[in-house]
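Next up, some structures in structure tokens.
Below are two complexes that have chain A in common, paired first with chain B and then with chain C.
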Partner chain A sequence: MSTLRVSFSAKPWLWSFIAAVLIWLATIAFTGGQGAGGLLSSALGFSAFFVIVGLGQLFVITTGPGNIDLSIPANIALCGALGMKLMAGDAGLIAPALLAVLVAGVAIGCFNYGLIRLLRIPPIIATLSASFILQSLAIAYGRSVRIQPPPLFYEFCTGRLLGVPYLALAVSLLTAAMAVVLARTRYGRWVLAIGQNARAAELAGGRVGRIRFATYVLSAVFAALCGVLLAGFSGGASLAMGEEYLLASIAVVVIGGTSVAGGFSNVPGLWGAALFLYLLVSMLNTFGASAGIRLICTGVIIIAVIIAVSARQQGGRR
Partner chain B sequence: MAAATCTLLEFQGTGKTFGAVRALEGVSLAFHAGECLGLIGHNGAGKSTLMQVLAGTLAPDQGAMLVGGQDLRHRYNVRLAREHGIRCVFQELSLCPNLSVAENTRLMCAGLAGWGWRARARRAIAEQLQAIFPGHGIHPDDIVADLPIGQRQMVEIARAFVCEGEPLQLVILDEPTSSLDAGVAAQLLRFVRRFVEGGGSIVLISHILGEMLSTCDRIAVMRDGKVVQVRPAADFTHTSLVECMGHAAKAAEEHRTFVSRRHGTPVVDTCPARQGDGQCVRAYPGEIVGLAGLAGHGQSQLLLQVLRQRVRGRQGVALVAGDRQSDGVFPLWSIAQNISVASLAQLRRGGLIDPGAERALANEWQARMGIRTPSMDQPIVALSGGNQQKALFARALATPHPLILMDDPMRGVDVGTKRDVYATLAAEAAKGRTFLWYTTELEELQYCDHVYVFRDGQAVLDVPRSELTEALILRGSFQEHSA
Partner chain C sequence: MKAHSFRRVLLCTALSLAPWLAQAATADKTIALSNNYAGNAWRQNMLASWDATGKQAVKDGVVAQVDAFTTAENQATEQAAQIQNLILQGYNAIVVDAASPTALNGAIKQACDAGIVVVSFDGTVSEPCAYRISMNFKQSGVAQMDYLAQRFPQGANVLEVRGLAGVSVDELIHSGIVAGAQKYPQLKIVGTVNGNWSQTAAQKAVAGVLPSLPKVDAVVTQGDDGYGTAQAFSAAGRPTPVVIFGNREEELSWWKQQRDAHGYQSFSISSAPSISSLAFWVAQQVLDGKQFPHDLESPAATVTQETLDASLQGLPKGGIVSQPVSVDDLARLKPAATAAN
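Take a look at the complex of A and B:
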């Protein structure tokens, strides 16, 4: 028992995976085992999108209290529309369009940080107001008819290998890469250091401004990438497609075991949390719960998890 | 003295220890009505501790505190101090910046409660400001954050003298003139005399000797937690005050053979931001340069200035913080991670930080600094304060940088650790490293090759070790006359 506890405290991300598995079991117990594989497959597919934005949000939240990126939904809407329009259904334009979307992500990140740094606006307000501007751009720019993604791009976004979506595989690689970035690069170490004590980080020789700048750009680039992939997945961009990602991007970070106070993060936990969130909603669907009940249950469970996680962290630190 | 007839409060053999440090030892001192008592001493002499005991924010652990012939030591606290009319204006401004002057007055005075407190608070603070600083130009509805630092200090002082149904007998003024200009400072000192002549009592702490001598009735000199002299101010001169603060015995101390390293191109050549006369602080390769003077006179700001300048220019620099909690430690990390954070560029292999190299670095510095822990993977907060400080030294010394800045890094460090660290510093300097060392302890200056004494944000003295004496530093730290 004590060894079990040790291995749990060393791997706090296990909790979110265990919760996801329990919910999956509850769902297939209800359906009598029907559709277990399909459910898992679609869970992996949808979770990939949560994880992409979650990665960016995780780095932002890790840089310390007050840091958050609320421009993600609008960013997704704008970059989804941008990507579809530039691709114009032509497979030959996929690469330049993706490049353009990434450049747009960098620009959005620069704009967010510019508001925070130059105008000294708190991040929560800066990124929220930036999101109004982005959303308006998306409305103005994406007003034309819904453009289908090129078939090749659609294939990549929806295809599966032995039941596992390509996207889930790609995003898993991305997750592993970002875990390495956080633990084994100077940039990652300084992100963790700034989140614990920004003043001490500056005095230890860290270039706090640049690190935070890079982090907001990173988050915006990931959101932009999520936008174009989501548009490919859904067969075209829509203005509202980013909406649920505001809460989801924060929820996966927190449920995944990252400290809201900054300085401590948990990259693999993002996957557990994303699967948990998706499976939770499908479980409630399976149980026949109405939309209202579903939303209430999702909210209550997220709050409960956050309370449990923070209680455990406080207990650990004492 | 006639004024000595009514004693408000008396310390008898009062002592206070913080762990192994004796901050106060056998202090016997009486505070009389109708008298201004001056309190003077160098850093760490115990002035602030004594005043905190008097204000009730620190409980002494030895001796007696007599109030009206009764020993109140065991139940003395802030409330009791206030009931006996003892108030305090501390150096760090304690006003709430988002509130108005009148609202800040209300916070301190419980008497300003009930209907119409706002009007009464406005009137009370306006009257007091007028009495102390005629022509002050402050409106009671001004928001504190909008006031310049000097006017905030004026509000802070005036507020301490507002009494609405509460007793007012003794006010502690800790460096009250430090942010006031000369004219306003003179107004305050004149008010102090008027207050004292009206039967009040003032304890004045200041680094300007002229105003101490002209304003105080008696002056108590503190050194090493003890009151070493209490005499009428008229019996002191500038010279005798400075002499009292130093260690007479230490003057005869022999100097090691001194070889100046002041040649070549300086590693540091920076003028403090507030320096008026173009005097710059210079440090040459292999030199240990001390920054002396009273605490908070611009030494830390200079270090920060040098740090930012060099980080921006990508010249190597490392800093050892003195205030571990707010400036140094990353509390969620292990000891090893806390040490390696400044050396990450050197620990990379193929673009990534090499865990093996990181562990090797941590183990090397555990041995070199003698950090007492079973494993460097332990969280840093599990270490004692002294060992945490060693880890911070290791962080700076493990870098390849030629310049190390030290921001009073020996605060709360035990004697054994200090000795180890001094030896390491000397060895590193001999290898050509340069140290810029702000210290509040006079004894540490003897490890320096060159010393700059700071006062009011400026380097006022520039002395090589061969000419360094304690009296010289004290004379530099304390201003003879107000500007």
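Take a look at the complex of A and C:
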């Protein structure tokens, strides 16, 4: 049974990677092989951020239709500023600041779920309103000041081992761990069960409320982590730094082969999708395409990949 | 009763202290700012400048009330509704940093028809009844290329970092860069990316295109993207090119640090956030019955190797180079060539 499921889910998993590799090959063919390694290395580095927020969004989306976390960009802006301010450029304060950021992430997740559950607001509205509050907090707290990260933290966020960024290695481990959590632990199986049929899961003894609560907290914590790492990577936090992660966090989940309707997920596909998105923009930039052409191509190619992925999924499942 | 006379005394004192007596005529006027976006450092500085100028003007009795309103979603429809609210609230003048040059025109026209003075700045509106104050963005693009031509008489490979696609300011600065490239054929544009006026987005876009590029000698930018660009070069282990900056404190600090370490030289140009104060004074003066052309050009703020230390002096963390604006500065505003639009 489980080997059967693995072979099915392996298909969309492969699709996003194949697309990423094709685009990478097209780019280096255009440049005549120049910069092949450098491109891959920077793609791994930037994709790591997409994957962190994608992991959280994936769990949220998996818990069923209507579940989505739109507070991610504001969360990134706030926690990036919080982390940099608490570290204050001092290597000794890295650990306490990281801890504080994770606590802030938990608080944001609790707040999101509080709005959804206690006030009975649909997640899409609840997390969007939460994001207004968080962004305002980020503006008031951060005051648009760019505080440099401590050199040690900067080294970690930008350093490489044989061309592979440390962050990409760390996030790969995190991805593997979360794949195991989803497939093997009780929590992960309830997440899938709720996404497939919340009522049935409840009748089977699943604590739907608690599982969703934990999932929103998980997403907020990952977004908070992404915020502080991104601030370290780009030499300080800025108010607008989370903006692109709203669509990107959803795009990597969907292109990675996870069902938008919930219940069926594909954790490794996040990496393929993140690499694909980054390499796609780089390729069009390398070709010298104008911004208009670039956006049209991005849209068309994303639609093509999603159609390919979903066609495979349905073929596999039926 | 007592409070009333006290206020009158205060008002009289303020008026007698004010060097421009003509402004008494606007002492009962109200001015509102309609702003479409607050989520970056430039807008924060712009709002701070508005706030400081407005508070001082109210204190001096120049106007009765000055407020600022920012929409949450950066959308034209939302801002149009906001302007309609401001009309109903009876403001005498509305100053606008607009989400769109055309989509607000209906609401702007309603305001004009209601006898309200409308002054747009930065993000200007095309409705003829409104005033427009803006930097000459095309010229700022040309100025960057002028500097590079003088730095690299033998020629150079130039990377262009553009702003947000589809926004008129991005097109204008880009047209200046293109004009500069035609003027100086030795400057070769080897790549173009969109940095979306965000340090992180610029860093990402530049890092993606860098491996495929030949040696890059210089980078032209649009503001709030120079620091991220420099980060991308150092992360890729490439020698740092001459990056033109956009007057942000973090950029100037980095430039100073590089200069002190190995004699790095550059140039910086951007729109000064105090343009909101300029717009305030234009609105106040129009309320006072003064005449202005409807298209005005605000000066660009620049930083050179010589003025770097002076510009950093007193610039707060996260600040942007700006100059304090008073009503007297209006005399130096030039009418803008409308052909740019």
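The rule we apply is simple: the second predicted complex is superposed on the first by the 297 of 318 C-alpha atoms of A that agree within 3 Å, B and C clash if a C-alpha of one lies under 4 Å from a C-alpha of the other, contacts with A are read in each partner's own complex, and residues count from 1 in each chain.
Rule of thumb we're sticking to: a contact is a pair of C-beta atoms (placed from the backbone, for glycine too) under 8 Å apart; a residue touches a chain by one contact, two chains touch by 3 or more.
Values in this document were obtained by computation on a predicted structure and should not be read as measured data.
> For the overlay on chain A, clash or fit between chain B and chain C?
Chain B and chain C fit side by side in the superposed model.
> In the overlay, work out which of chain B or chain C sits against more residues of chain A.
C
> Between chain B and chain C, whom does A:T298 touch in the aligned arrangement: first, second, both, or neither?
A:T298: touches no partner chain.
> On the A-aligned overlay, A:S172 touches which partner chain: chain B = first, chain C = second, or both, or neither?
neither
> Looking at the overlay, does A:R207 come into contact with chain B only (first), chain C only (second), both, or neither?
So A:R207 only meets chain B here.
> Determine how wide the angle is at the CA centre of chain A between the CA centres of chain C and chain B, giving a multiple of 10 degrees.
The C-alpha centres give an angle of about 120 degrees at chain A.
> May I ask you to decide whether A:S234 touches chain B, chain C, both, or neither, giving the answer as first, second, both or neither?
Only chain C is touched by A:S234; chain B is not.
> Would you give the minimum C-alpha distance from chain B to chain C, in Å, for the three-chain superposition?
So the smallest C-alpha to C-alpha spacing between these two chains is 28 Å.
> Under the touch definition given earlier, write down the residues of chain B that touch chain A in their complex.
For this pair, the touching residues of chain B are 304, 307, 311, 317-319, 321, 326-333, 337, 341-342, 344-345, 348, 351-353, 355, 395, 399.
> Write out the stretch or stretches of chain A touching chain C in their complex.
27, 30-31, 34-39, 42-43, 45-46, 132, 135, 139, 143-147, 158, 230, 234-236, 238-241, 243-244, 278-279, 281-282, 285-286, 288, 291-292, 294-295
> Which residues, counting only chain A, touch chain B once they are in their complex?
By the definition above, chain A touches chain B via 180, 183-186, 189-190, 192-193, 196-197, 199-201, 203-207, 259, 263-264.
> Under the touch definition given earlier, write down the residues of chain C that touch chain A in their complex.
Against chain A, the touching part of chain C is residues 38-41, 44-45, 72, 162, 165-166, 191-194, 197-201, 203-205, 207-213, 227-228, 231, 235-236, 248-250, 317-318.
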